[in-house]
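Below is one structure. I have some questions about it.
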Amino acid sequence: MRIKVINPNTTAGMTAKIGEAARAIAAPGTEIVAVNPAAGPVSIEGHYDEAVSVLGVLEEVRKGEAEGCDGYVIACFGDPGLLAAREVATGPVVGIAEAAMHAASFISTGFSIVTTLTRTCVIAEHLVERYGMHRACRKVRGTDIPVLDLEGTGEEAGEGGGPVFRAIVAECRRAAAEDRCGAIVLGCAGMADLVARVQREVGLPVIDGVAAAVVQVEGLVRLGLGTSKHGDLAWPLPKTYVGDLARFAPAAR
Amino acid sequence: MRIKVINPNTTAGMTAKIGEAARAIAAPGTEIVAVNPAAGPVSIEGHYDEAVSVLGVLEEVRKGEAEGCDGYVIACFGDPGLLAAREVATGPVVGIAEAAMHAASFISTGFSIVTTLTRTCVIAEHLVERYGMHRACRKVRGTDIPVLDLEGTGEEAGEGGGPVFRAIVAECRRAAAEDRCGAIVLGCAGMADLVARVQREVGLPVIDGVAAAVVQVEGLVRLGLGTSKHGDLAWPLPKTYVGDLARFAPAAR
Amino acid sequence: MRIKVINPNTTAGMTAKIGEAARAIAAPGTEIVAVNPAAGPVSIEGHYDEAVSVLGVLEEVRKGEAEGCDGYVIACFGDPGLLAAREVATGPVVGIAEAAMHAASFISTGFSIVTTLTRTCVIAEHLVERYGMHRACRKVRGTDIPVLDLEGTGEEAGEGGGPVFRAIVAECRRAAAEDRCGAIVLGCAGMADLVARVQREVGLPVIDGVAAAVVQVEGLVRLGLGTSKHGDLAWPLPKTYVGDLARFAPAAR
Amino acid sequence: MRIKVINPNTTAGMTAKIGEAARAIAAPGTEIVAVNPAAGPVSIEGHYDEAVSVLGVLEEVRKGEAEGCDGYVIACFGDPGLLAAREVATGPVVGIAEAAMHAASFISTGFSIVTTLTRTCVIAEHLVERYGMHRACRKVRGTDIPVLDLEGTGEEAGEGGGPVFRAIVAECRRAAAEDRCGAIVLGCAGMADLVARVQREVGLPVIDGVAAAVVQVEGLVRLGLGTSKHGDLAWPLPKTYVGDLARFAPAAR
Amino acid sequence: MRIKVINPNTTAGMTAKIGEAARAIAAPGTEIVAVNPAAGPVSIEGHYDEAVSVLGVLEEVRKGEAEGCDGYVIACFGDPGLLAAREVATGPVVGIAEAAMHAASFISTGFSIVTTLTRTCVIAEHLVERYGMHRACRKVRGTDIPVLDLEGTGEEAGEGGGPVFRAIVAECRRAAAEDRCGAIVLGCAGMADLVARVQREVGLPVIDGVAAAVVQVEGLVRLGLGTSKHGDLAWPLPKTYVGDLARFAPAAR
Amino acid sequence: MRIKVINPNTTAGMTAKIGEAARAIAAPGTEIVAVNPAAGPVSIEGHYDEAVSVLGVLEEVRKGEAEGCDGYVIACFGDPGLLAAREVATGPVVGIAEAAMHAASFISTGFSIVTTLTRTCVIAEHLVERYGMHRACRKVRGTDIPVLDLEGTGEEAGEGGGPVFRAIVAECRRAAAEDRCGAIVLGCAGMADLVARVQREVGLPVIDGVAAAVVQVEGLVRLGLGTSKHGDLAWPLPKTYVGDLARFAPAAR
């Protein structure tokens, strides 16, 4: 099976890291295609960044259909463009925020999310509501780490992990101490390579959405479940798109 | 005051109609600038259409800032790109769905929404939740009228109003009879010119979001209230956007 | 257009202040009639005060109908008698709490309310629920300032504003620091004259419900929207009221 | 123990009926004082009627304190003035809607409410939300029977019960057939004498709020639980009330 | 009337204490039969303990039916087996958590729960949701007192009450100071003998679920209300149970 | 990896069917151990059946720990004993109702559940709430098919499938026509062998919880995620259990 893992931002280093995390968890026989759009923001740290990134996500899904992809992962914690992507996909499309929260809800009765900038907490909180996780999610915690500062915090940061890694661990520990949570969700695809080391330091189960989403997509594909083409997730109605966006026009099927 | 009313789809005829509805309600001294993006779908009838339309909405808001606009209306019932648009606006940005629902909640304890395609009902239902209107909104009703079939249903359709108009009236009457609602919200900017005639036929107060949003923006501007620049609606962080979307990069301020 | 702004308590000084705030925001051509009932509590600081004040509110609305008022503002943060007032009004009736919360929800994704006595916080919290603002409202904060202590805290208090003003500013700052809120709602009509100065001190958008409600009523009237006379807000059924309250009996229409 | 059962409307015949229902269930040693205000509406069929009735309810509670009452029942299905009444009561105050819904939730996982005019359904629905009964309450059903038409429908109506009784039974049967409910709550104090006969006809447990509230108050008093005087239900702050309502001013304590 | 009060754990000392509390509140003419299962955990401090205890609860209810019991109290704050017990009971079955929360909601607009081990807080929180008490319940607070440490903390502990008693009082005081609550619910049947003394120390109304449930059951029985035998609480379908649990098989009726 | 699939009822035929469905979906290398308790009800059709079945579920999980099982599926649509089972498991424990609902929420914005007896609908509805699926789940539909009537409806029923199969298909079609749902969840483990054929007839994606739960457990195990041993799902506190249930006592660890 071929799963396309889409990093909605355009930073190739992060795409590589996400691809590695995806491949590390993928089942034998699963091919991971990790990509990022050719155009868009280098990181996603707000509603605006996210909204602009959606176009690239949709383009990658549409290309994926032509490439015979069986399913898709949207690898940004805001799950940008999720429902739109589902409209243009045959197979399942899973966001890393939803995958991580669902996984956390299976192994604990309460989890906290540790994310990057405080200004993005509200994005996660809106998803918590949308996914019905308001009882399971105890708190969303910002660390005010810019997304791109997560680069270079992996194993290569050496013993101790560097200040960014330490800040994440510290916030996870505060969550463990104050939120009565049984698990922690890391709220950024850029943290995908940190999950094992954070878990070691914190003691609680720590969940990375990239890996969680890959196994979720694999599972749905094995179940024979693609996106429902009945109702609002059916193929977009064929129609004209004009101007620079004409190529996004849905074809008749 | 200058209010930019953005039709997120690219059908000029609908933009003209929306502009007329906006001007008809605007206070003396309010200049209405009705626009649509140069690129994008000719109508919005699903998550995908909507997601692609967001880029044009954001471009128009950004241009509006340079043009000295005091506030913005997003004139599509899915309120596409609302939070992203707020990040790049100084003044208030109001969607027609939220404006219409808020207005309905001031004059009734329960309203129903009559919209176009059934497949878009779920979009309205998600907004109902997001805006906290789940108690006030009794039902979202689809009519399966394609958005562009609304063209030519205004006064020019003559006595009786034509089959599209009749279908809308019929659904509104069903709502009045079955939903125990005190008001009806028309769920498409393309219905902006029908509101008075529908109300005449149906008896209940009928609300068009375009007009409702214009007075809402006027009110907020008069109150001296722009979009809060504290927290998640603050200006987007300056950063690089690459490729075709480079021009969307937020500038340093 | 004529809007009656009803201060539900009987303190003329507060009525004058509320009237000024209303007139300061009203559009040219809007006549503000600021009144308070002849009978009732001098301030409203609990469920009981509020319940007794409702009679005066209703009397003023009924008189307003005879006087040709086009809409009404209920200028107490508990929105006392709101639905009952709507039953006896042709035009729209808007409470200052609902107007302020709706306005705050248009310019931020989260707001906090700063009110007077802690014992009234629960009243605001109940309204937050009733208006579907539980996601948008981050916190309701009491200051334990008695309502009538707000008299004399306006510009006349001079440089610095006096201890009551300082206490309000201090609580708003705590909200800004701790609640991750983008805007603040002042939770008492008696704070109507403080809003500009508080905003100056606090930095965040600060919202006064009196002004917010006036523009809301103006907007609804311009939209041609009065209270729906279909369903539970229809005119009260004509019937006998006995004793001292006989004059409140709804007439046949 | 002395329990005051307050019929908020001024129809003595209904007060007598309510008093009988209360006495029929009261424990030995419980004295039931059934009263109605001297002033106010002869029946309560909307927000306005209800709001005006509150004054009489509060007056009766205040007199009850002087008379040594141990607890209070508010015998109208809108529970008018409930929180205000609690502020001026030492003992517990229970509304018949809340008592009936709580009782229904103990004996079933879902109940329906059968009430009088359809326009009052929304009042019951708001209470359902306020009391957290949205999961337990399957539906609120209006019968469009005016409250005063309930007079003369008791045993005296003879075999079969007359058309009003039949209409209630018919609606209860529809509830049983369509709502998947395990119990039915009668939504009007004026139905207090019908409960046994309706239950006989319908088969399901049928609950009258008057009786339910009497046993609830008795229970709370026996538990030594009065209204909490900590927080928002503490005695109203002593202050001046002016004009005709001066006598409602809370005394210093 | 005969009410069976079932202590779901197997500690006879706690059963005796619970029986005393029940008898102390029971009306003249009410016979309290306090029992505990012959088999099961000596205390209930988690989901697992609770799940195993259900079998004993059901056995006691089934025996109670043969013994002519009119109603049942499940005297553990997790209300274990509540809906299952209702299926096999003719009369009402009330859990102490639900009884206590309902009572608290009648006398305050907000209450806090003080319970034993922090790990059981989530059990109480789930019940808060299930009973619709999420608005009324301000906080659930653990004290990390093991259930069996509550033995010997009654009057016999003498002046001051011993460290366990002091810890409970301290947590109640924190609730009163920090939670803006008007009442406190003691979250363990083992605290039944402490309620009066805790209330004396804390000042707020304090509620013990055992007593609250007894009066609730008495009230329902007097109202003629048993468990609804319509729908999901109807008698279990007669069927075969095999093995050691064969004796639990529901008989045909 | 070894996954134990526990059929909580004691009907071996159903266990075999469930085991087959589990093996059909399991990844290469996954060993499915399908079991049912030695004692308990032959089918689960209500709260009582379910409550009694929990003991067997817990016993099987405890044995599974000794047998080196990596994870568990509880194969009854009420997810009986889920949280208790998690306390005694090292690996993940997933219920088929939660797995099916989560899967449905990934491929549609709204699903309906088609289950067996109407009296069990409320059990599914409670789970919908508990799992935060109230927005995603459009309706729970009973078919009044007894669980054991599902035996013999598989392929062996031949062309057309027999009346039980036809009834399920008919209800699914009603869901598709009336509920605006994009997917259907089959609400009974006994339907595990029907899913492909039902989907063929109905057109919409149809989800069987047994298969969904197996892939979910596999995924969690591959992610290295077991049940969190922090908080309420930590190992049960070691303590004495007396009588017949002594063997259920949690050991010290």
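We just call them A, B, C, D, E and F in the order they show up, numbering each chain from 1.
Here, a contact is a pair of C-beta atoms (placed from the backbone, for glycine too) under 8 Å apart; a residue touches a chain by one contact, two chains touch by 3 or more.
Just so you know, these numbers come straight off a predicted model, no measurement behind them.
Asks: Can you spot which option in A-E, B-C or D-F is basically D-E again, with over half of the contact pairs the same by residue number?
Replies: Matching pair: B-C.
Asks: Using mean CA coordinates as chain centres, what's the chain C-chain F distance in Å?
Replies: 53
Asks: Compute the distance, rounded to whole Å, between the mean C-alpha positions of chain C and chain D.
Replies: 30
Asks: Out of chain A, which residues touch more than one other chain, so two or more?
Replies: Each of 83, 86, 109-110, 121-122, 129-130, 135, 180, 231-233 in chain A touches at least two other chains.
Asks: Which pairs of chains touch one another in this structure?
Replies: Result for touching pairs of chains: A-B, A-C, A-E, A-F, B-C, B-D, B-F, C-D, C-E, D-E, D-F, E-F.
Asks: Mind pulling up the chain C residues that touch chain B in the complex?
Replies: These residues of chain C touch chain B: 25, 27, 83, 86, 92, 94, 98, 102-103, 105-110, 130-136, 176, 180-183, 196, 203-205, 207, 211-212, 215-216, 218-220, 222-228, 230-233.
Asks: What residues on chain F touch chain E, complex-wise?
Replies: Residues of chain F touching chain E: 10, 37-43, 45-52, 54-56, 58, 81, 83-84, 86-88, 119-123, 126, 129-130, 146, 231-234, 236-237, 239-246, 248-250.
Asks: Can you list the chain B residues touching chain D in their complex?
Replies: Spelled out, the residues of chain B in touch with chain D are 109-110, 135, 180.
Asks: With touch defined as at the start, can you tell me which chain B residues reach chain F in the complex?
Replies: Spelled out, the residues of chain B in touch with chain F are 118, 121-122, 129.
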